[in-house]
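In the two complexes below, chain A is the common chain; its partner is chain B in one and chain C in the other.
Let's look at the complex of A and B:
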């Protein structure tokens, strides 16, 4: 294994090779096998390995630095590439799968990168590859959304690069270690990371771009960008207090926007921001328990969010319909999708015996241990809110509620298999969390299953459920979207540009008309004075001239007479 | 109105009534379990009886109406950006 390229590069190369393979059978085989080979490679590299790569300018790059945190994220990213590949096996647009593998390779590259320059290179690779994934839906909306997405991520990349350069100038070192936002360069790095995490004020790119991808594309998109951001925040800025407040904002932003949303995939994308908010709070708390919780929750989240978006993708694939107001009653003909989607919904709500229960509770426990009362209360309220906006709302409006009359079948075997795999993992991790705990960056003896914990969680969730069904008349789906800060660059700036340029043209016309008038008047007055019979060009008689001279001389004499 | 017998068993009015009864029974039971377990409250409020029950319910109601209020200001037709 020594001679293989770094795991991230390997997967990205496979992605590029996919483009040139004509035989569908061979392509399918490569899609299924290569993520597993990458996973094996990741596990074949022992902890604390630091592999030196190429020399760049004055520095030796470190493409692979293996430690438990990096291994955890690289593992889940390659698992996601496998399950996503299985789900998308019949996707006819090879460019999407190819880009998705390059994208996953970029994410693994970031997770294993030992220096900031390598982080940046893979960071940008992800931005470009994920744009291609969105593009591959080949609709006018997806094209426009992907350009907005790319612009924002390139902006984030520039901010990150400026921060990295500043860091290198200040410290003369490129190693990627924990930092604190104590200088401009570190603040810029933090901002660059946070843009990819979907933190305010840059949250809207997620709900703008992700739901425009194809039925398979969104599954890949949900996993990598925000979770690599969580990874770099755990690595780079643990215990940075402002992250607690940003995270809490994201948690409630996600809930409120998802409650108002009608597009089933946009509901799930808002809940990505909500879930990443929990992780960001954990990173802000910064204790070993909190960081373990953030890492474990990221791992669990990729699986159940992938599962939720697979079930939504299956519905979209069969019905070509995204709006909750047009869906409903699908449980009758799509039982497997309904069951898998519901398992994902229970896991995101951290129902006991699902993966969310064993991961998210570590963050709340850490808040309690640090005596952060308001954080703990808000996280408890948010946990109830997750059940409300994703746990019940998604399955209820898509699979139950009214009967839409549609009777689509469950999806083809490969899509079903991917859903069953992830559903099994959601329950498996929930019932037997020890293997996940063993992967965490810090040793833990956390025990999730105590009687009070299980009972309290059931109380919280079941009463949230009661609230949902009692308030159902107020939750009717409407054909609406909810404005976000992307209104600035999607509506205000273009309007200002149109109105401003029109005003400029009018102004320019007025200025030129005024100038013309002034030039005309000057010429006319010159003509009046100097022209044919003008005052200064008339012939004057000798008498008049001598009288004039005489008058002037007299005036002079009188003025200077003393 | 459709004949209830033709509906899927899960959406018949009878089943829905039964599901409500089960839900309310379970809600009462899990809340009463508070009497049996000895939780260790971290702060003040979470020591009150049935804390997670009433807190979960109250915060959800607040979030739904909070969202509703925000929606009145920020909701637009879903073709808003297409025009």
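Let's look at the complex of A and C:
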């Protein structure tokens, strides 16, 4: 391809152009066609291409560096832009689609960027564009959440920028290659990346902001920010041991909160943290198999998470209801949504013959190969947890369970088409994973479908499913008291679970309440000094100002008498 | 003709100022002063081009050779400053028409033009001259005319605060000027020279005397007062908040920048043969003052309700960045300062222009009065947002280039905490710009604003030229950074290490 701008820039420009197109037909056509053109562009650039772009200060930027890892992420991002665009085709707020395309363009830009400055520029573009996506819900809650979101991401951006500049000063070049957190600058870069990945202690921005977006906005949001973070971690910090622990924390953080949550989209957002946790663990392990697994899982995850949030979005669109406790029984009137949502739920639980199975098992296998037994066990336990909160809880409470009496129809054709597309991909990749494996950064001859593996997984899932229905009364918070031998599993285990997770949450809330108090006090005391009539901002009399000048002069003169 | 461009640069507006009083007829005065400032802009652009391609220009006034007569000496540094002053001067004057008609009493409008040209003369003269006493003369011309310009804010809208603000500025400005002239006097006492190049040659032999050290102290403190660095910034907020919008737009972009220029000149040319940063605590003092300015300026800006005061405090922080770049004493940081001199002039002027337009239609620049203006005044508020993003230093704006270079400079000097404080200050600037954006775009106005409309093209075109330039020089930073690097190398090159 000659003279086309880099794919990321191209998509972002399309996003901006969308704002100015008045004709709905033309707009729809552009929304559907442009991601495919971008996808074609990505595939038309041969491997190992390095395109030199413009100069920035003293350096030549490399806006496009094509290699298998970058292409994998750029491909899935443009696919997501297409499916998201299709899903949101009837969204009346053009600003949301426009921002979403800029956002997707930023993500593709990061995935193909060959140098840190380009990464940073697209990084900030994503932060701003995704904030606009959240605003487009136009509710007071979404506005407040988006401000918290923006502030955190700009803070992350600043940290990242400091790290990049430090790296440039130390190493004198800007190429984006793998690093290890051995110096301040690299630690700052890592922290900047991890903030976007939703790593502790910065996990809450996800569940805070994403569920406040519109029914289509959340679909876009779920795909890009955390997955670009996964990408840059794979590229920048493979095999960094601390990532294993951070990842494990994220895995369980997501499960605990998702199990206690009632808002269907927030459940799914918590499970993003959980799934990204799996990927981060893979990056921390850092072998070729593990990195392949993390990349493949990111690819699969974008599809099934997009699918799950689409089905949740379809329910929200038809019922205007977000709470699990008010939903239920929708399978009768929304069969297609139910089927698609269930396929997504099976995929996220890595049921055999779904995309989740073929990707997540790679990470577990990598842990086993490295003899990281505790990681393997914890990941296995977590897989059961995922099945509980996302695999069963979401579809059960939304589509089955009690009959809520609502009889909404399946969503319009475009939303259905987007869901069917992603559902087909989930199954397709699950049954026939070789094309995905061929895309991975490292050559692999991994075979997911071995007998012990499949049996293992099925056992795990069946028992987790059993546990769910046994615990169901408690899950609905309508516990009846019957003291018997079954007390052990009906009372004690749940009780330990409840107390443990409650303690965890109370602890977290205490910490955040304390932080809030300290922040509030600081702000108030700063205001006393700097605000209206404060010492540093009032109009000072000429007298004291002159004295100030004299004092400064004296300081100067005195400083000479060494 | 081209040989005389240096003197024409100053003499043209100087001669035009009294002619404005003679003409008096408002339309003619306006046209005339537009022609004059436009010509001054062209001259400065030509000079910048000449200096950039052919090297420094020396011009002997009245053909008196340098040590005896006054020398105008233009190198890349002051060519850039001349360009900034005359560019902003020209654009602000185009902008001024409707704004001053509303804010200044009708029968004083011709005086405004005269004073404006005088003020510009003074600023251009301070920059162009190679003689420290001549610089003082121009400094006083600038100061006196700007006191009067600020006081004009008291005119039509019955705003006595403008008089207090002008008076306070007068006292402190005079103090600064006096300090400066005492410094010059002490240097003259020891060397008998007033020409900068001469002083540079003669000073090293007498630098160990307390007289010269005291002279340096007086100069530094005097100039610090003029550039409104913490803790000597007290005059600035009131002056910018009370002056007519046009005047704030002009002075905020140029006056403090010229003071920074004088500081650079003193450190790197007049005292250029003395390694000040090595032998004196000047760099520590500058860094401490700069950091305090950055943090205190940004924090105070966050809590201001009057948006012009907010911008004034933000200027304090931005001057902090610039001075920090000087104090860090390496080429990267210094070129960050010089780039930021230019970038900040563009964005701050655009911001004040936007507030002037807001004041035109709502009669207030309180944040509360800006609620819902994003809808009523889309052109103005969009310019405010663009310039504000540049002030924050978002990528692809010119502010990002300055911030990047400055952080890099700090890290090259191994000063992690300093880099951190730069970033903290930039986070604070997000907050204060955000508060305006929030009011303008996300809040409903308390009462309907049927009359709030975008101003005519005479106002929004200059505003947008500056706002667009903030983007342009963020994307294509080659020119500005290239020139700044050259300047920084020249300045540092002369200093013995």
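Simple rule for what comes next: the second predicted complex is superposed on the first by the 476 of 562 C-alpha atoms of A that agree within 3 Å, B and C clash if a C-alpha of one lies under 4 Å from a C-alpha of the other, contacts with A are read in each partner's own complex, and residues count from 1 in each chain.
Quick note on the criterion: contacts are C-beta pairs under 8 Å (C-beta built on N, C-alpha and C of every residue); 3 or more make two chains touch, one makes a residue touch a chain.
Just so it is clear, the model here is predicted, and its values are computed rather than measured.
Undergrad: Looking at A:260 after the superposition, I want to know if it touches chain B, chain C, both of them or none. Which is it: first, second, both, neither?
TA: first
Undergrad: Touching A:442 in the superposition: chain B (first), chain C (second), both, neither?
TA: The answer is neither, since A:442 touches no partner chain.
Undergrad: Would you sort A:432 into first (chain B), second (chain C), both or neither based on which partner it touches?
TA: Neither chain B nor chain C is touched by A:432.
Undergrad: Scan A:507 for contacts with chain B and chain C and give back first, second, both or neither.
TA: Touch status of A:507: no partner.
Undergrad: Looking at the overlay, what does A:158 touch: chain B (first), chain C (second), both, or neither?
TA: second
Undergrad: One more residue to check, A:552. First (chain B), second (chain C), both or neither?
TA: second
Undergrad: May I ask you to decide whether A:55 touches chain B, chain C, both, or neither, giving the answer as first, second, both or neither?
TA: After superposing on A, A:55 lies in contact with chain C but is clear of chain B.
Undergrad: Note which residues of chain A are touching chain B in the complex, please.
TA: 252, 255-256, 259-260, 262-263, 323, 329, 331-332, 368, 371, 373, 376-377, 380-381, 384-385, 388, 400, 403, 451-452, 455-469, 471, 474-475, 478-484, 490-491
Undergrad: How about chain B: which of its residues touch chain A in the complex?
TA: Chain B residues touching chain A: 8, 10-11, 23, 26-27, 30-31, 33-34, 37-40, 42-43, 45-46, 50-57, 59-61, 63-68, 70-71, 74-78, 80-81.
Undergrad: Okay, in this complex, where on chain A does chain C touch?
TA: 54-57, 120-121, 124-125, 128, 143, 147, 151, 154-155, 158-159, 161-162, 165-166, 168-169, 184-185, 526-527, 529-532, 534, 536-537, 539-540, 542, 544-546, 548-549, 552-553, 555-557, 559-560
Undergrad: Mind pulling up the chain C residues that touch chain A in the complex?
TA: Within the complex, chain C touches chain A at residues 164-165, 168, 171-172, 175-176, 179, 210, 213-214, 216-218, 220-221, 224-225, 231-232, 234-235, 237-238, 280-281, 285, 296, 299-300, 302-305, 309, 313, 394-396, 401, 404-405, 407-408, 411-412, 416, 419-420, 423, 426-427, 430, 434, 438, 442, 476-478, 481.
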